[in-house]
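Shared chain: chain A. Partners: chain B in the first complex, chain C in the second.
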Partner chain A sequence: MRKAILYILLCLFAFVFLYPFIWMVSASLSEERSIKDIVLTPVHFTFEQYTKLFQSIPILGSLANSLIVATAVTAGVLILGSMVGYALARHRFAGRNAIFYLILFTMTLPFQLTLIPNYILMVEFGWTNSFAALIIPAMLNAFAIILFRQHFMSIPQDLIDAARIDGCNELRILFQVLWPISVPTLITVGIITFMTSWNEVLWPIIVIRKESLMTMPQLVTLYAVGGRSLGQIGMKLASATMLAMPIIIAYLIFQKYFIQSMANSGLKE
Partner chain B sequence: MRSKGTERKSPVAELSHKVAGKPVEALGDLGVKRKSSTSSYLLVSPYILHFTVFVLFPVGFSLFLTFHEWNIIGPMKYVGLANYEKLIQDQYFLKSIRNTLVFLAIHIPLQIVIALGLAAVLNEKIWFRAFFRGAFFMPVVVSGVVVTILWQQLYGYEMGSINTFLMWIGIKKVGWLIDPFWAMPSIAIMATWKNVGLYIILFLVGLQSVPRSLYEAADLEGASKWQKFIYITLPGINPTIFMVVVLSTISGFSLFIEPYVMTGGGPLNTTLSSVLYIYKQGFFYYHMGYAATMGFVFALLILFVVMIQRLTIENK
Partner chain C sequence: MAEVKVINFIKRYGDVDAVSNLSLDIKDKEFVVLCGPSGCGKSTTLRMIAGLEDISSGELYIGDKLVNSVAPKDRDIAMVFQNYALYPHMTVFQNMAFGLKLKKVPQKEIQQRVEEAAKVVGLEPYLKRKPGTLSGGQRQRVALGRAIVRNPRVFLFDEPLSNLDAKLRVQMRMEISRLQRKLGVTTIYVTHDQTEAMTMADRIAVMKDGLLQQFDTPMNMYNYPANLFVAGFIGSPAMNLITGQVDESMEFTDVTQKFKIQLQGYLPSSVSKGAMVLGVRPENIHGDNGLNISSYSPISITPDAIEPMGSDSFLYSKIGDHTFIARLRPETHISTGQVTTLFIDRSKLHFFNPETGERITGNKQ
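What follows is the complex of A and B.
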């Protein structure tokens, strides 16, 4: 009996969490005037909203931009983050602890503090309206370094010693010996970084003004706010669906990793 | 069905454990060639560079800017404390703080109750656990832009699904985003829907970190379910509660895209958030000095609020 109540409760909540997505997809596949009648499935099924969307904004170009930016950022964070994390975990040098505490400290800094000066920095560097502004500042973060450091502290010293006797330099040890046995950590950092970069919207809105360089969340936002959709609810929802789909598909395939990554990210605090 | 993630110890406990466990550093005596410290500094150099350019300089420059007036194009003008004086008299600034507090007052309790409740249920022996957990987590992975556009329609006054449902069960329509009383609570409810999946996962990790033996001992003493919850579960997941409160607070102070898309800060500025106001001052009016001052003060405010939360929760 008690179990039955629990299941009803769970199903109710599952419905609340999934229904909006189902409604969104259905609405984006219906005629504008039928959206108010939608319960679950599309009414007067049509791809019209999407064809009109493709005609009015460069959404596929923004998809490519988002992919380029998120991939570059993720590659940067994995490579640079693991380098710093490795040195902090396995090297002894003057200032190591100071750097570690500095990293912990920077994690607590609210982004509001650096938003304006970082924008000015982009202006001074001449990086506004370029991918450099989206990629370079995001190529390293404290959270990734901490996770890599934690992980590299747990690796047997013998492995590193053996590689050193074989004459490997530190970069080869890191990328050819340690990376292959660090796949779970690489996936955790990779997923969180990619997702954060993919969903980032405030920073692109600030530094990118040229439509051809906009990332997808930015373009969809401007489209929804800027009134170019002319009150067309179906087209707004079609653009939102297109923005959601890549990450939802990735999530459905790698669900276990997504959830595990976020559980690990609890280390943040 | 349980993933590895949920079987771990509490993340906080794990962190302190690893920090306490010293790294193995038995190199020198083994006759193995010691790496030069040059290579160490080369490895950490990306961080030093990144920190200097994108953290240290901006923080310093931010402080410098708070004493100046600057529209980015023209010359910078020293104004002393004028920005700060303007700030404490700025009713929009005060309003944005008030709005954030309204958001937090609704968001944090709602978040903790729902997340803890669902985590407790998922912690039992349940069929389709992975499905339920996966469903609750879905909004976490999608962009806030998607969630905002979607909920703007759900909250619609005439045709929105939520009002349609309310009418169907015989309740009057609510002006979710157009009523000054309801606008911020509506955003807080939406944000809870978006984030709660993450906190369910964190609470699950926390719940699994409470030692089984404590419950067994309590059973022997004849403790009730409620007593076990109050005296064993709650203290056990205290670090998780603190984490959830802090993360929710930070997300409250970071609200931007939600009011930007849904309400533009209205009605009657009841959803004007701190970041939206900084954005408007900085990138609409180009008051760089004033916007930087606001960013500076908000950052201090966040750190202050988090510190108070830490003290309150640790004392309990």
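What follows is the complex of A and C.
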């Protein structure tokens, strides 16, 4: 009985959290004039909002741009972050702790503080209006390094030694021995990096002016609230739904992996 | 096949020497056990031999070659670890094949060598399984197989049996010994367990605080421990070590004046009188006088506790702060709390210098 009450409460809370999202999806599939209603399912179901959206702004191109940027950034963070994390966790070298604390320190710097210097750098490098400005500065971050470092510190030394005796160099140890047993950490860092990169608006607005290079959040922001704002709320909701979809899909896929990899790691310590 | 020469090994961690001036001359095909209490530098020594740890100072020869600066994979060694250190994401086959693959051995040969090694360690049915689905004993067999398949010149083991239960440990102990003899590969084996050392080794190197105490065959180590540490470390239950004095009449009296024994004719010729530590192994104390053996000398003792082990009975009694242990035949009838006469075999005594802890040599056995 108490369990039942608990479940009802949980469902209630879940609904409260989910409802705005449900409404967004439903409304984006409704006719423009019925959108103000509080509903669960679409009223007068139609794809009209989406058709209009595709006709008026280059949203598919921006979707591709977003995918390219977020994927490249995620790959960069996973590869470089794990390399730095591994070195900090498993190698003894002069200045190791100093470097680690320096990296920690960069986390305390607010984004706004580095915005202008970063922009000036991009201009100097001639990277404005190119993916390089979106990808390269984001390819390494303190958060990923710290997560990888903590994880690699928990790996038994014997395993690394065994790999070394088997003939692995450091890169092979990292990518062929440690990566396969670090899937949960890789997924966690991957999802967070991907989402952060995907949702980034401010930085693209600063460095990208060309419409053909814009990421989806940038484009949507521009048309939803920015200078080229669309009058109709239906199209705004359709673009917001499109913006959210890839993240949700990615999350659902990887969550399955996440649980699987947790159950499969048979490393005995 | 190869001999291993460890010459004046030193390993420094900051100001502390984890290993000091260690030299070992290991013969081809020999099974050497590095033994000592936890933290004495065994693993550090082994890891220096493997190349996993830099040698702060000293030289290492495998075969005729100085290998100080040779990478672990090129030292022609294979190592088995306490935690098995198997790659969890690879099957048993892949675990064994990994090293060969990196050496670019042809696929066909890999297949054949892995299957052979699997046969030797009895793992043929498990080649497609992942380590996570195997028991501890099977995992250690995989680790063993992975070592064999490399066909190395030296095997290195670091406490490979510590994670196994007692029964399996005895079984694996024999298997490793048999395998080593069959393959004839020079082996260095680290353990803190003196029973493992005694049963497996051709020669044992006992270490303490990074220093080599003695390097000898198990029987020599048992019969002629070089110092008090080795005397107390090798043998189970441990040797009784009693501090006392020898007087003009060659009688030994311990510091509490309760334990007396006449040593005329049994002392090393180099000693006359003075302070001394007397060593008596529990198994050299008997419940009766046998057939009136002349070397047996009676002592009076009040047992505090008796532990029947089935094959023997252990008798415990306090002499000063020292717990005196005797290993008696199970049929010996003794009750706790009653004064009892036991017989010490004086021909099997050990004598040590109480200041240096060194064995006083020259005694008959």
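To be clear about the criterion, the second predicted complex is superposed on the first by the 230 of 269 C-alpha atoms of A that agree within 3 Å, B and C clash if a C-alpha of one lies under 4 Å from a C-alpha of the other, contacts with A are read in each partner's own complex, and residues count from 1 in each chain.
Operating definition for what follows: contacts are C-beta pairs under 8 Å (C-beta built on N, C-alpha and C of every residue); 3 or more make two chains touch, one makes a residue touch a chain.
The structure displayed is predicted, hence computed values, not measured ones.
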Partner contacting more residues of chain A (chain B vs chain C): B
Contacts of A:Leu109 with chain B and chain C, given as first, second, both or neither: first
First, second, both or neither for A:Val177, with chain B first and chain C second: second
Which of chain B and chain C A:Phe93 touches, first, second, both or neither: first
First, second, both or neither for A:Ile59, with chain B first and chain C second: neither
Contacts of A:Leu213 with chain B and chain C, given as first, second, both or neither: neither
Chain B versus chain C as contact partner of A:Asp161, first or second or both or neither: both
Where chain A meets both chain C and chain B, residue numbers: 156, 161, 164-165, 264, 266-269
Interface residues, chain B side, partner chain A - complex: 3-6, 8, 11-12, 14-15, 18, 21, 23-27, 30, 32-33, 35, 37, 39-44, 46-48, 50-51, 53-55, 57-59, 61-62, 65, 72, 118, 121, 124, 126-127, 130-146, 149-154, 159, 161, 193, 197-198, 201-202, 204-205, 240, 242-243, 246-247, 250, 253-254, 256-257, 260-261, 264, 274-275, 278-279, 282-283, 288, 291-292, 294-296, 298-299, 302-303, 306
Touch list for chain A against partner chain B, complex: 6-7, 9-10, 13-14, 16-18, 20-21, 23-24, 27, 35-36, 80, 83-84, 86-94, 96, 99, 102-103, 106, 108-121, 123, 137, 139-140, 145, 150, 153-154, 156-157, 161, 164-165, 169-170, 174, 195, 198-199, 201-202, 206, 217, 220-221, 224-225, 233, 236-237, 239-241, 243-244, 247-248, 250-251, 255-256, 258-260, 262-264, 266-269
Residue ranges of chain A in contact with chain C within the complex: 156, 158-159, 161-168, 172, 177, 180-181, 264-269
Chain A contact footprint on chain C (complex, rising order): 47, 50, 52, 72-73, 77-79, 81-89, 98-99, 102-103, 130-133, 136, 139, 146, 163
